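Heads up: the structure comes next, in structure tokens.
Chain naming follows the written order as A, B, C and D, and within any one chain the residues start at number 1.
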Amino acid sequence: MIVPLDEGIRELVHDGDTVALEGFTHLIPVAAGHEIIRQGLRDLTLARMTPDIVYDQMIGAGCARKLVFSWGGNPGVGSLHRFRDAVQNGWPAPLEIEEHSHAGMANRYVAGASGIPFAVLRGYTGTDLIAQTPDITTITCPFTGEELTAVPALTPDVAIVHAQRADRAGNVQLWGITGVQKEAVLASRRALVTVEEVVDRLDPVPGQVLLPARVVTAVAEAPGGARPSYAHGYYARDNDAYQQWDAVSRERETFEQWLRTEVRGNARPAREGGRT
Amino acid sequence: MIVPLDEGIRELVHDGDTVALEGFTHLIPVAAGHEIIRQGLRDLTLARMTPDIVYDQMIGAGCARKLVFSWGGNPGVGSLHRFRDAVQNGWPAPLEIEEHSHAGMANRYVAGASGIPFAVLRGYTGTDLIAQTPDITTITCPFTGEELTAVPALTPDVAIVHAQRADRAGNVQLWGITGVQKEAVLASRRALVTVEEVVDRLDPVPGQVLLPARVVTAVAEAPGGARPSYAHGYYARDNDAYQQWDAVSRERETFEQWLRTEVRGNARPAREGGRT
Amino acid sequence: MTTTPRYTADEMMTVTAARFLTTEMACFVGIGLPSTAANLARRTHAPNLWMIYESGTLGAKPDTLPLSIGDGILAETADTVVSVPEIFNYWLQPGRIDIGFLGAAQIDRYANINTTVIGDYSDPKVRLPGAGGAPEIAASCREVIVIVRQNSRTFVESVDFVTSVGHGKGAGQREQLGLTGLGPTRVITDLGVLEPEPRTRELTLASVHPGVAVDDVRATTGWELQVAPDLAVTAEPDEAELSVLRSLTGS
Amino acid sequence: MTTTPRYTADEMMTVTAARFLTTEMACFVGIGLPSTAANLARRTHAPNLWMIYESGTLGAKPDTLPLSIGDGILAETADTVVSVPEIFNYWLQPGRIDIGFLGAAQIDRYANINTTVIGDYSDPKVRLPGAGGAPEIAASCREVIVIVRQNSRTFVESVDFVTSVGHGKGAGQREQLGLTGLGPTRVITDLGVLEPEPRTRELTLASVHPGVAVDDVRATTGWELQVAPDLAVTAEPDEAELSVLRSLTGS
């Protein structure tokens, strides 16, 4: 249940998988994303509502074949340059995209978590997303005749999320902004959770989401594993790092330099995850 | 915002309304139900997943024209005699019934809370409920062709729930088993919340549901207003009262005697609600 | 001189039901006999039984038997409490629950269950509480165990109302209806244990409790009851089981 | 000798936007200019403005400007934090939000908004972040206010991609599409305020900021801009507004 991060990635994530590293600004599983880069995984379909800099890094490192998303940017800063370079120039590899709105993606996870093949919402109507994304269609209410929108369930092979704490049995506790993480875990076949710490006992916290151990495949300790995003109650968002990413990522050369020194040459998060 | 209970009922509930007094074993709005009886409201459509003794009392008192529900019983004890008498013998008035499963009712509230006209679930398939309840139909997944079940949104005129606390602005806080109360409030046009106490400040509690003041039409203080059910952190379930109800309710005479002495002749809960 | 039996028929039934639960299973628990059996199992051979009550309590560990599915002790001792929509949509519907425990007012030879009405729906002889969570528990749990006292009013040729589908009209019907779980795999009564015959799915007597004759079971069954070729006699409750059970029920 | 202007064009824009928010309104706040304007309003004339960020924070009261829609300060100061599915399904979709604040990379004469791509979708000149919550904010909030700096790259005859529907192809189109909210009722720029002409729904210049000529606005608009017969001059920011705004932005 509790495994080192590198082992967790090796066991749960395989080339060609659909992988959802979720986290809505808060608790982004960055250490896990870097371990995926280090292990050289390829042809992944990356799903996430808000791909930000860790997906930019994974795309730039050549892990991704496709991105399923609803908003891809550097929050509060601007665009993602590696994402742009992949979409606009096919570097380092062409990137297929499947694009939704937040409401659509959230409901796709909800349908997946609920074990039903689609979700119904008021959304997308009149937008050009419908023409570009095959997975958006209309559905008629059988009672009122009203036309609404349907999107298919999103059921990744593996969900990866970061949380504040787990106990030794693998029950996971997260709080603060909890985003769509519960739904992503429940919608996926497998789930890896990185945590700030493994504790003996999970004392209840207001606003917590608890993921029972039986829906978690593996837990890896990765203190600081959400940096430069934040872990409510542990450390704050490193806003400077987000600003700095803009410069690092703008050119392929500076990005590759960063990749060599900060990720490939640095297995620290993985080792930390293993040392409990 | 904060009103006496009798005023809250008078302003929000009218003859002929569809009313949902929700509460899943815990936090049942009994004081509000008794005030509805005292005010002699008629022709109500009563909606609730688990109509128990307070609905038995309201039905016996002649408030209801129709019951929309999924399980009608005295939890842990047995059947509801006033409900049975209404269904089997039309006493004191015929009672139309519209019957669902829990999964169906919960999803009907979810659809109502979500502002969409129907919900999709795996449910009812192969059961005789489909033939008896017009509001159950099939729907085909536009992506997989799979056939699922659809139920229409439930959107009561007024939801009535009981909670532990509200602040003076009308924000409501409940915790413990929170059931379907949030969805019932959000699905309804108006909402009345009775509370154990009105406080200056709602300190967060693990597992809480918070209903922002803007979705609550009125709050009435009604300490003990969930008895004989319970209010987590305030008082325990009076299991004896549930047992005793079986005897009280079995015959029309003993029921009417109870109604005279315990409800009609006793406006205590309403007055308590007003005295803050 | 007659000897006092060491245990009652209800105790025999409850202990038998408890034995079918294994530790680590996720079990959707209804109130009454199912709750007693599940709590007994958790206190004896299945300490990690994960009990779910439809009120939203996941992993409840009550230290006394709750009277209702929403008692405070369930919320206080649960791993977490979720909303009622969530318990049905995120936990039951996707097939995350191993065992569903159901009772019945009527049950037929294909383990279809009635908890709605005796007689005609629109002019009932007896109006019962209704469906609750049962139709979807019967549909979506990986397996269903039914616990019910055996008598000819309950074990009927044909139920007056199908509240929860067992095996429908027989083999293949659950698949045809798209029901994801296996349906009722055992019906445990105060006289014995019935199991669907693998080919036909008809409820067949698999074991009798000690001291019960096959004819006693036949006499209380509303259809011509088939008996398994390898009919067993249920093992008696042991002292530990009885002592824990009695401490739970206060008897 | 030139005088230093008392305020910048961005400050004029932000203050103007803030003034359209009234206390007690529920406002769905995007990051950047919308967040600055909403926080300014809450600190001046609209102390009970109920700010919602799409990360799930209901009633956030941050004491500093958040850099992202999910900063910790939003969760810490909120009335309550809900999941992302809930914020969209229970709060935005049913029309519980009075005002949605949106930005734009391109906007056309009917206030349709592009935040997806410049150029062709499959071979873009510039790939932008995409939709986020915007399509449903534009559809379901009772009203939408757009804040965007005015220039001819942004104010175009026709957007390259409709990410969020404003007034479609003109009057009646929102109703035809079944969109429940009123759509964009105001577009606030660094030059003035545009509003849909009531009959045609075409964006029309309603006011210019002090010192801005109508021709300046025309020159930065990609369609032949109509001017309201009662064109106003926007009121200048007062000292209190500027002082609060500068304390927020640290300028």
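List of remarks:
In this text, contacts are C-beta pairs under 8 Å (C-beta built on N, C-alpha and C of every residue); 3 or more make two chains touch, one makes a residue touch a chain.
Computed from a predicted structure; not experimentally measured.
Taking A-D and A-C together, the chain pair joined by more C-beta contacts is A-D.
For the pair chain B and chain C, the distance between C-alpha centroids works out to 29 Å.
Taking each chain's centre as the mean of its C-alpha atoms, chain B lies 41 Å from chain D.
Of all residues in chain A, those touching 2 or more other chains are 114-116, 121-122, 146, 182-183, 207-208, listed in ascending order. Among the residues of chain C, those in touch with two or more other chains are 80, 89, 93, 140. Chain pairs that touch one another, listed by label: A-B, A-C, A-D, B-C, B-D. Interface residues of chain D facing chain A in the complex, by the touch rule stated above, are 31-32, 54-57, 66-72, 74-75, 80-81, 83-85, 88-89, 92-93, 116, 121, 124-136, 139-140, 161-165, 168, 173, 177-180. Within the complex formed with chain B, the chain D residues making contact are 26, 50, 58-59, 79-80, 89-90, 93-96, 140. Of all the residues in chain B, the ones that touch chain D in their complex are 113-116, 171, 182-183, 186, 208, 210, 212, 214-215.
Across the interface of their complex, chain B is touched by residues 114-122, 135, 137-139, 141-144, 146, 148, 150, 152, 204-208 of chain A. Residue ranges of chain A in contact with chain D, taken from their complex: 24-26, 49-50, 69-73, 75-76, 79-80, 83-84, 87-88, 99-103, 106-107, 109-110, 121-129, 132, 146-147, 176-180, 182-183, 207, 209, 230, 232, 236-237, 239, 242.
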